[in-house]
Amino acid sequence: MSSDKGRRLRLGMVGGGPGAFIGAVHRAAARLDDRWELVAGALSSTPEKSLSSAKELHIPRAYSSFEEMARAEAKHPERIDAVAIVTPNHMHYAVAKVFLDAGIHVMCDKPLTTTVDHAVKLTKHVEQSGLLFGLTHTYSGYPMVRQMREMVLGGEIGPVRMVQVEYAQGWLATPLENTGAKQAEWRTDPARSGPGGCLGDIATHAYHLVRFTTDLKPLELSADLTTFVPGRRLDDNVQALLRFEGGAKASLWSSQIAIGEENNLNIRIYGQKGSLAWSQENPNYVRQSKLNEPDRTLTRGGPGNGTIATRSTRLPTGHPEGYFEAFAQLYKDFAELVAARTEGRAPDPLATLLPNCEDGLAGVQFIDAVLRSSSNASAWTPLS
Amino acid sequence: MSSDKGRRLRLGMVGGGPGAFIGAVHRAAARLDDRWELVAGALSSTPEKSLSSAKELHIPRAYSSFEEMARAEAKHPERIDAVAIVTPNHMHYAVAKVFLDAGIHVMCDKPLTTTVDHAVKLTKHVEQSGLLFGLTHTYSGYPMVRQMREMVLGGEIGPVRMVQVEYAQGWLATPLENTGAKQAEWRTDPARSGPGGCLGDIATHAYHLVRFTTDLKPLELSADLTTFVPGRRLDDNVQALLRFEGGAKASLWSSQIAIGEENNLNIRIYGQKGSLAWSQENPNYVRQSKLNEPDRTLTRGGPGNGTIATRSTRLPTGHPEGYFEAFAQLYKDFAELVAARTEGRAPDPLATLLPNCEDGLAGVQFIDAVLRSSSNASAWTPLS
Amino acid sequence: MSSDKGRRLRLGMVGGGPGAFIGAVHRAAARLDDRWELVAGALSSTPEKSLSSAKELHIPRAYSSFEEMARAEAKHPERIDAVAIVTPNHMHYAVAKVFLDAGIHVMCDKPLTTTVDHAVKLTKHVEQSGLLFGLTHTYSGYPMVRQMREMVLGGEIGPVRMVQVEYAQGWLATPLENTGAKQAEWRTDPARSGPGGCLGDIATHAYHLVRFTTDLKPLELSADLTTFVPGRRLDDNVQALLRFEGGAKASLWSSQIAIGEENNLNIRIYGQKGSLAWSQENPNYVRQSKLNEPDRTLTRGGPGNGTIATRSTRLPTGHPEGYFEAFAQLYKDFAELVAARTEGRAPDPLATLLPNCEDGLAGVQFIDAVLRSSSNASAWTPLS
Amino acid sequence: MSSDKGRRLRLGMVGGGPGAFIGAVHRAAARLDDRWELVAGALSSTPEKSLSSAKELHIPRAYSSFEEMARAEAKHPERIDAVAIVTPNHMHYAVAKVFLDAGIHVMCDKPLTTTVDHAVKLTKHVEQSGLLFGLTHTYSGYPMVRQMREMVLGGEIGPVRMVQVEYAQGWLATPLENTGAKQAEWRTDPARSGPGGCLGDIATHAYHLVRFTTDLKPLELSADLTTFVPGRRLDDNVQALLRFEGGAKASLWSSQIAIGEENNLNIRIYGQKGSLAWSQENPNYVRQSKLNEPDRTLTRGGPGNGTIATRSTRLPTGHPEGYFEAFAQLYKDFAELVAARTEGRAPDPLATLLPNCEDGLAGVQFIDAVLRSSSNASAWTPLS
């Protein structure tokens, strides 16, 4: 078990009111390792809802808008150490900017913004502010994802040649957005999601997973976007081929119309000496293959785990950790980064694995490149 | 996502100081759904350690002994709503008794006690006190375990004929207790664990799982206990055949010397019309078989889930929940039971699935029957 | 690919007429490696059927009874090299005896006989005759089963401590024998199957698998037989605990009422240093666990395979072999034994893995011991 | 079990001498169902080897060249019913032409030819000859592949939207062709394999699997070919995006440098109402998903199998069939086609599932289109 030590940090939250999925996940994740207290919130764009839902959730300092919250917290004697932004995508930029201006660290949901322009500006803004900015690419919090990164960067599979990555879901196989389903509505609405549907919602996770586990530098992509469900305003299926510096390649498929797939993010990384495979729906295992040896199965917490995976987990092997624990790892890393900053010391290197604003920019650039390639006969399109 | 509503209840803890595994699990589990605040603790039998570890864990009211804690809390204006007992087994009885006498509800780790005599007395004591008593048979908190129960009791597989249940681990395949490993030490020490080794530690979970999922009434068993590791003072392998009212039978195997097994609790329940299978290491799925139909895979949160499973989960399908979430479910149920009692209303029926003192008594009786059968040439031995 | 070299041997067959399952399997298995030609047959107890079905199957020498066949073949200039006995169990003894008396090698289906007395007599008869006698315990023909044997005997997992073996099917969960299903009829009929139902039909395979893979010497067992389907005349569920020389133990479960199980024979062997696991329904893999190392997956034809497994297979890794190929291996081994005998040379040691009459005797003794233990309150009963 | 009835047909073979992999597979496959006798052969391009290897394999009529064989067999009173062509790819055209000219039916390995020109000519030739021409796309012989076809064409998953197909191997991850490995040598040699490496060897199987299971009409593709192993003369990795009539799309990945992959051909077909998934390495199962229902697992021979799958199998459920049985199914179908032609009757419609010359042409066109697209910046390239 990881230590419970250290002062609890104070967290504020923007978005995540009643009916929101990801807000409740952020709260539970922040709670799990006992490093954060949720003390302030502007949970809804409707002031009354914002206040009432904060009360329901025992959040002591309730605000009717995020602007009010930023202003008030900036001056509060026990001001929040950081704010979590869990609104729909189109709000990320404005909210992040206001809190950075107030001198408050930010934890933001992905994708970073809905335009490359905003993403570039925000990245500069973060840089100039000197503040911390975390991006919740959940899946990089899984211990066995970190294990893969440690192994690839440690040369265990040799130079990477080929990556297969998929993120497939089936819940939008029908026009669910026309039935009043809130989660489906905003995710298929360009005004709130930005120009990518499946692309922004989940393909960006797949893209980040490739970058996170391999540190490969993407060069260009060829993509084919599809909207299979008639009347839908955004894509619901993404096919892309990618090329990286050094000659590595990848195939990426992401879909929300793949009936039978629940939240099937999976990756296989093939190098000159071996390969690694991982699947989010059974996340406690990595298959490791080496040339001319039997495959090995690494299990979270078990033999063969490196330092990073070992320190990114809480339970003994065989006691499965899941999605909440991966998400909690991001909040634990963020707590360490904030605490180290506060205490004027270098953070635990482990915590620097937390995705940041530049990862967010890369994600938005990916969205943009896919859109351009797809509308240009899948022409190879540069990724930066 | 489940609601975050309702007053946070106040929890105290006895045991679970530095280096303890299960104490930290109880704390994280209590925290996850935000229904409990840990406000008091006597975490160690050493007073100084007890105080220092409470401080480390931000527990405001630290006590140097559990007796002191019970006395003080009984009179505290914001007294704890319940106490969690997470000491080694031999202390459960004494600690539980003191808190029940102080009028405080109890959440206790398993096995209930180290003797049948104590288990019977404690059960009567609980009954007379009118207080709530929860027992953390973790695995009954898994949504898909509850799904199996709902299906079996709902007649979906017809009358049960045969149950195969296993709980296999490999971590004690060598004399780890001689190497200073704290977890191995107390679990193989009769003075702290009671007369069962593997039997009390994990076979009881397997036995409870059968009772929980089927409601079968056990009649008798034939058992063969083994200590494979030379010098070990308690059993490390349990084989048992069981018979139930109505003619159903079961095979139970539990081991801690099964190299390659991590925490492999699994159960298969065969009835006249179908069968169900579940495995703890991949706990988000149940295989359902029906006569002359293709097998179906039920997934946590997915189609085919009944009311109970649906309400015992937090995340959408495909986002894996694990051990912490199962454990948290027990604390959520316990919170509901305590809240309902406080508010003078009937609890949500779901919460009554929480294992209780009578389940603990049944577990201790199982331990006793296995010991007697095994020392009597595996003679069939009654289970009550 | 194995070599196709060597003279084709001549095979006769008794039993296996129209509607028989196992006869057709024997024929295809004998054919696969091109070492046998089926040239003679008495396929049915009804003379006309016997002749007509031989014609249908292009068997040149058709006989109206097995006695006639033995007499005629004994004198034939191109007499059969061996006979395959694929009748229901109650006929094995008589048929085998006649062909042995005629000086003809025998390949016999299991169980060897329906009584211990017959099994003992037949074993002596074989010994005195000096002839070859193969027993088709199919599952010992699987390359990965042989791989397990090679590893266990080579000390790779250390001394065996515990074996879990299961052979579960669900096809007899209802009284199928009352519906005219031929396979169900004879297998539940004591007159044709002998005193064991599920016990003789499939539990004997599980028992042999333990003996084959470990070479452990069984000492005694405690068993509980059940007939779950009302009106059935033989058992349909077998539970047994076993003890071996040197202290190893095993749990065996076999059932034909386990809805959802198709032909689920599986075994897990736990030793002091590691363990092995295999499942018949996905037979090209063995899971190998070692203390404090990640699990390895051995695949048929892949790295880590020993000499025996490598030589008992035909296809490259990833090209699955199945039941026919396992069965064919027995016929290939038998061909080598017969050819070596004919040529007056020592056989390839690999071929001596073919189960023989003594294995058949051990199986019949197992059936007998289970029956006696089960009718004697599961008392420990010696196994020889 | 399928029937053993009907006259055995006479088969000749060209290619497949000592050390050849696929020749031995063809022979075993032809043998399994007892419909073919191998009576003639020109197994090697070296006359002496051709004669000696025929002798070793008990082939009565040995020829020193395929031309001689065609001439002689054309006039033989018991001439072969068909010839199997199992040479390297570059010989297929010439051999097929000679035997067609001799009036003999042909079973040919894939790819059909090494150029589109030859493929077109051969297809016309077959058409004009009126003879039967089978192509051994092995994987279409698997019962569960046929089950998928039956379900897709029967509308069970609705109109197909998206197909994911992969055929990954790892055995050519190093320059094995430089070590004297015969299989690696010819498959990476443009003179013998044609212009496609991995592309012709296995990607064509993946492409055919999509066509076979869905009957979708391919329109165009965008492809990226890679040669990862330095010095290799042909591609060893194929990435392609495909578009079909009606709007369906597919991603295809095929590789021979994917360490850890053995013979991993797998397909997932997503339609408007459901999806199907199958994997060659565990070929007895199909996962079926339906909108808002739990997934079902169809097993070969089990409930839910349609007529075609049921009739394309030999063993009861749970008794695994594998690669040989899939291959044997093609020979069984071919036997039925030949027998029906001989007997002047319509063949069993099941047998018409055998891939034919037009499928071979489609495969060669696929190879050609991938080569053109890849050398043209992955431009969308028509597929016919």
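Each chain gets a letter, A, B, C and D, in the order it is written, and its residues are counted from 1.
Keep in mind that, in the parts below, contacts are C-beta pairs under 8 Å (C-beta built on N, C-alpha and C of every residue); 3 or more make two chains touch, one makes a residue touch a chain.
No experiment lies behind these values; they were computed from the predicted model shown.
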| item | value |
| --- | --- |
| Contacts common to chain B and chain C (chain labels) | A, D |
| Greatest separation from chain B - chain, by CA centre | D |
| Geometric centre distance via CA averages, chain B-chain A, whole Å | 34 |
| Centre-to-centre distance between chain D and chain A (centres being mean Cα positions), rounded to whole Å | 43 |
| Chain centre separation in whole Å, for chain D relative to chain B (CA means) | 55 |
| Shared interface positions of chain A, touching two or more other chains | 261, 295, 299, 302 |
| For the chain D and chain C complex, residues of the former touching the latter | 1, 3-5, 8, 21, 24-25, 27-28, 31-34, 56-58, 169, 171, 261-264, 280-284, 299, 302, 314-325 |
| Residues on chain C engaged by chain A in the complex (per definition of touch) | 288, 292-299, 302-304 |
| List of chain B residues in touch with chain C within their complex | 157, 161-162, 164, 166, 170, 173-174, 222, 224, 226, 228, 237, 239, 241, 243, 247, 249, 251, 253, 255, 257-261, 268, 270-275, 277, 287-291, 295, 377-380 |
